[in-house]
Amino acid sequence: MTVVAAYVYKDGERVREAQLSEQGLALGPGEFVWIGLCDPDMEELRLLATHFHLHPLAVEDALNAHQLPKVEVYGDELFVVARTAELDGDHIHYGETHVFMGVAYIVTVRHGSARAHTALRAQMEAAPALLRHGPDYVLHAVLDFIVDGYQPIVQEIEEEVLQMEARTLDAFLARADIRRIFMLRRQLVRFRRILAPMEEMASRLEHLELPAIDPEVRPYFRDVADHVRRTSSLVDGLRDVLSQVFEVSNLLEQQRQGVITRKLAAWAAILAVPTAIAGIYGMNFEFMPELHWRLGYAYVLGLIVVLCAVLFWRFRKSDWL
Amino acid sequence: MTVVAAYVYKDGERVREAQLSEQGLALGPGEFVWIGLCDPDMEELRLLATHFHLHPLAVEDALNAHQLPKVEVYGDELFVVARTAELDGDHIHYGETHVFMGVAYIVTVRHGSARAHTALRAQMEAAPALLRHGPDYVLHAVLDFIVDGYQPIVQEIEEEVLQMEARTLDAFLARADIRRIFMLRRQLVRFRRILAPMEEMASRLEHLELPAIDPEVRPYFRDVADHVRRTSSLVDGLRDVLSQVFEVSNLLEQQRQGVITRKLAAWAAILAVPTAIAGIYGMNFEFMPELHWRLGYAYVLGLIVVLCAVLFWRFRKSDWL
Amino acid sequence: MTVVAAYVYKDGERVREAQLSEQGLALGPGEFVWIGLCDPDMEELRLLATHFHLHPLAVEDALNAHQLPKVEVYGDELFVVARTAELDGDHIHYGETHVFMGVAYIVTVRHGSARAHTALRAQMEAAPALLRHGPDYVLHAVLDFIVDGYQPIVQEIEEEVLQMEARTLDAFLARADIRRIFMLRRQLVRFRRILAPMEEMASRLEHLELPAIDPEVRPYFRDVADHVRRTSSLVDGLRDVLSQVFEVSNLLEQQRQGVITRKLAAWAAILAVPTAIAGIYGMNFEFMPELHWRLGYAYVLGLIVVLCAVLFWRFRKSDWL
Amino acid sequence: MTVVAAYVYKDGERVREAQLSEQGLALGPGEFVWIGLCDPDMEELRLLATHFHLHPLAVEDALNAHQLPKVEVYGDELFVVARTAELDGDHIHYGETHVFMGVAYIVTVRHGSARAHTALRAQMEAAPALLRHGPDYVLHAVLDFIVDGYQPIVQEIEEEVLQMEARTLDAFLARADIRRIFMLRRQLVRFRRILAPMEEMASRLEHLELPAIDPEVRPYFRDVADHVRRTSSLVDGLRDVLSQVFEVSNLLEQQRQGVITRKLAAWAAILAVPTAIAGIYGMNFEFMPELHWRLGYAYVLGLIVVLCAVLFWRFRKSDWL
Amino acid sequence: MTVVAAYVYKDGERVREAQLSEQGLALGPGEFVWIGLCDPDMEELRLLATHFHLHPLAVEDALNAHQLPKVEVYGDELFVVARTAELDGDHIHYGETHVFMGVAYIVTVRHGSARAHTALRAQMEAAPALLRHGPDYVLHAVLDFIVDGYQPIVQEIEEEVLQMEARTLDAFLARADIRRIFMLRRQLVRFRRILAPMEEMASRLEHLELPAIDPEVRPYFRDVADHVRRTSSLVDGLRDVLSQVFEVSNLLEQQRQGVITRKLAAWAAILAVPTAIAGIYGMNFEFMPELHWRLGYAYVLGLIVVLCAVLFWRFRKSDWL
């Protein structure tokens, strides 16, 4: 059941279901067909290729779902590859949507995306004024739908990034935090990598001179490109924040180490005083006059306390303690 | 009360208040209208869209205030998005101003900006010679007004940056300083991100060939672009300083740690001498000849002092103390 | 035996073996010849150069196998340099394939590559419909063959990179791991360095206006460029991961050092207590009242335990232990 | 006294002093006027603006001396902003020179620069063959004069940078050295920031098609651009050296810390031997047979010496000492 | 003796020596002159400038040997600046070669380069078929000669870089190694800085449309550009290796410090046991029951051994020892 839906439209209204039989698909004037496939096999694509004279290279691409976003023009026909992205628990799940488009047909092929086009189709059928434009407007709607799907991803990541930022400035990063930031960065880098060709693709669609693209629909493609650009700008901002979080966390940790090192050194110096003095008066010489003094012990304890206090005061003054 | 002001102008003079009623807005020859809105709702924008035949995509953008600066041309109509920025205590508050412009009208839509256009309007009405140019000159004035608003932000940040720089070179950065530098960098990065599309937007306005833009007004747009470029150059300079402050603070802290480590190591070595010697003469062997010497104690104290002095002198010579 | 194979083709079918004799090579209309060489010597290339009027600079390049990928046009003739890459145990072995192409001939020269073109030739002869296109399609097939050879390399490295990434996040990198990551990075950097000119070369082939290149074959060159671009994108991703692995491993090691330093400092402080106290009561003063107390020893042991416990509790509370 | 000099020239010879009076400035055919101002006030610029019909935006720029280098064309008139730089003790003092130029006039406006144009003017008047070209050649001469002023700055900084480099490789950087390198970098970054637009400005002048610029004078502007490019290349080189100095100083300090840490650890281990052994034989047990041996003391001293020697020898072997 | 050689050529054959006298240099049809100078003084260049109508700016450049590589066109005349580089013991010695070229003359001016053009001239005179092309081919030959001179430099440095790389991975970098890497990097950076404009210069020569450049000679200039590009690619690769060597050496040193720190901490903990226990039993309390036990000493020694063994075993388990 890979053919999800196939209908013929005229003047923005759904006219009939399209029959993809051997005899081909007869379209009346002003009619166009929108066929939606999901993970099709080679046989089904072959059939469509024969119907619509799709270019073999485009068909081959549509079978192998590991393309970067792009537009390709074969004569009057258009082949568009877009990447979909959805949050799936903790990580981003990427899919692909391929579109073949001519003057009177549009074929959308979904690969590995959970968001079906059913709602989109219903919503468009509810607005015949726009659907009247034909396949080019459908193409815009599909791209807009895909790009809208990026929004929740960016928002979710943004929230986590801001949380991480706050944590970095307040406390010290634990091992798990560093690992999490690393994973967030990887996700952002990977996500960013599909945004650049997506934007380029939408921009190229805006400027393509093809019979299949009505000049009135062009601003809509620019709108999609704009949308992607805004998402890219946000993603770049988040990556900046994360890399600064790493850097500042580094500096803060270093500063903290410095403070601790100085504090430890100060205490070590203070504690070295009783050890050294006690060591000396623990020697077993026969003739050590102090040992026989009545107040020898008190004097030594006093000496220790005074020396320690002096050291403590000096370290405090130079901000080590 | 989102319609802040709406007046019809002719030959640079305010002629009458514009009535945005159902019957539309009749303009005489040589007249143009300048309508100022603030955070309008959908209904009001719809009304204007019908009046001036605004493009639905532009209207939709004007409702959602999260656009990057841009210019868009729809036929003879222009849609401009500019970002405003104002200092609000410690952080920068961003707003947006959207402008719809045609040959005989200009609609300015403010989103989330506290600086009203009232003073600007008064100032322009005081100089009819320039206002005579029409909506294009008003557009320039609005952009100039927005860009002028960037100045105090940059100055405020610059002052803080220079202060931080001086502090880094004089003393060591405390935790709060590092945090503050981090916040300043974030603000600069974010601010810089709107300057690039602002400059591009102004440059595009300079080169647009549209009936609504008088060639004589073009140098004024170049002037705005220039102004933004100067701000960008300043912001880049400040970012450079901040990142160098981080780097140099890093190096200085490292150098300081090195000095402290060497000093501590030297004192530890010097203090290890009495401990070791006292330990040995603290042993309880029956036959330890030194213990019975008359001057044993004095000799040991002397030995300790001599050894410590030698070590001290050597460390001083090799610059550890 | 450097001439591996030399056949004349017509309408996609192999017609006869080509004789490269002194008298030259007579081709009928619609015929083209495909000559495959492997590490040829100067004499053989000279012979071909005379036959096909190859440009001396191209011939000289074909002799010295240390070229970057490129396309060069000499009149109607094309000279293409492509880099081959194969996994050879642990490291990547690079070779070169040079192609001379005219309207009726294609000469492929392999340098230091273990993958012969025999299978490729057989496969193409099995599809006469495509081979009919002529030398330009053969050129595409050779490039596609070379670029397909990049796949296993990237996959192998990707596997290792992901393994390294997982190891970094789970445990600490050993010396051998760091060394391995370094080697992987070097390989990726070097591999990446040939991908950029390969893509540029394929893109240029797509846009070249030459009698020897049929417009119908152009999309095939675009397909090759696309393939290289995808590989580049993957390689860039892997390099990103590796450099982040270095960075995060750095941070994790630093964080670990911080934890250890604090733990050690805490234990050192706790152990300093008995040492200092025992030192004091090890002094040999005649008049030390505590020494004669009945419970002196017990009291001192108790004092030590209590002080150590207090310190332990405070360090635990401030998360040092 | 802001009008420094104002003379009318014809055929490369100074003809008469120019009177900037109310009645305007009458120029005969083939004559041009060169007016030199220094920090003019608004009144004076207004007067000139009326005389030469200068564009109000250019005049406004000329009043506010915080422009980036640029060229602006208003009709046939040219407005050029150049940045001057002079060494003032330890830091670089920046100024600006603005030039208004038309077919028959050139106005040079100096802001905050100590180097007057008097010598330049004298030198040009001594070479009428070149001055004959008119205002365009004067413009070149002024720019050349400004760019020549960059030379001593770069040389001074270069000398210091090379000194710092040598010091880094020979010894360790002190706090003051790091601070000095930081200041040098800041100066270079700031200086570099004006070179890029200066070069762009000169390049634009070379390619401008204006009646006021004789094609024969163009190579002279290219020469200025070339000069700036060479300076930029030098400055970039110095910045590279400085950033490498930081990096290598970092590595050297780290390597030194490693050596010291190992040396300290080795000595700590060696000194721990007598402490531990002496501690044991300092215990007060009644039944410790060694204490009563005749050679107990000698044996213990021997044991300590042997153990320390073994440790010393092992540390020496593994290169810690 | 700065005029090294000056000969007139016709049809690729040397015809006669050129006399640079006051009366000028009369050339027959089809003849061209190749004049080779070495470090000329102003007088000699003036003479040539008059002969060949060289542009004063080009002549001035030819006197000051601190130019970046470039091509300049003055009318039909060409002025080319190329940088030569030779290994001189441990460092690279840079020189410059300037070329003036017209339809019937070529003047090559060497500055500070030890490699004379004598061999080059002999070699070209031995191949009249190529020399027949005229000055443009001579220009190519000179550039090719200069670029060939880069080869041994890159090879020498490459060898050293690979050696350094191997050393980094096997052992730890000593102070001298770090210093050497720093010097290698500086040399590569400086060398790279002349390669970019050299490539640009050769590329520009390929595309120049001048009567003095025969279209057939263009591929030869492309060949030179290609050669430089290959050198650049190699140099970039070496710089990458060096900067990775720094980075990995950093990580390895850090990892090593971590291992040593943990080992030292473990031994310090183990050695703290006898010290603490011995300290306690070294106290002089009257009533310490253990001191009077018969096996007190044995029990304490046993306790120390057991505790140390337990600690040793735990540290071994957690990989600290």
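Letters are used for the chains, namely A, B, C, D and E, taken in the order the chains are written, and counting of residues starts over at 1 for each.
The working rule: a residue touches a chain if its C-beta (ideal position, glycine included) is under 8 Å from a C-beta of that chain, and two chains touch if they have at least 3 such contacts.
By chain, UniProt protein names: A, B, C, D, E = Magnesium transporter.
Just so you know, these numbers come straight off a predicted model, no measurement behind them.
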For chain A (Magnesium transporter) and chain C (Magnesium transporter), the contact-path distance works out to 1
Neighbours of chain E (Magnesium transporter) that also touch chain B (Magnesium transporter) are D
Field rot_deg for pair chain A (Magnesium transporter)/chain D (Magnesium transporter), CA superposition, rounded to the nearest 5 degrees, holds 145
Whole-angstrom distance, CA centroid of chain C (Magnesium transporter) to CA centroid of chain E (Magnesium transporter), is 25
Rounded to the nearest Å, the gap between Cα centres of chain A (Magnesium transporter) and chain E (Magnesium transporter) is 40
Contacts with two or more other chains occur in chain C (Magnesium transporter) at residues 254, 256, 261, 268, 275, 279, 282-284, 288
Contact graph of the chains (line, ring, star, complete, other): ring
So, starting at chain C (Magnesium transporter) and moving first to chain E (Magnesium transporter), the ring lists as C, E, D, B, A
In their shared complex, chain E (Magnesium transporter) is touched by residues of chain C (Magnesium transporter) numbered 55, 57, 66-68, 70, 72, 74, 172-175, 178-179, 182, 185-186, 189-190, 193, 246, 249-250, 253-254, 256-257, 260-261, 264, 267-268, 271, 274-275, 278-279, 281-284, 288, 290-297, 300-301, 304
Seen from chain B (Magnesium transporter), its contact residues with chain D (Magnesium transporter) in the complex are 169, 219-220, 222-223, 226, 229-230, 233, 236-237, 240-241, 244, 247-248, 251-252, 254-256, 258, 261-262, 265, 268-269, 272, 275-276, 279-280, 282-288
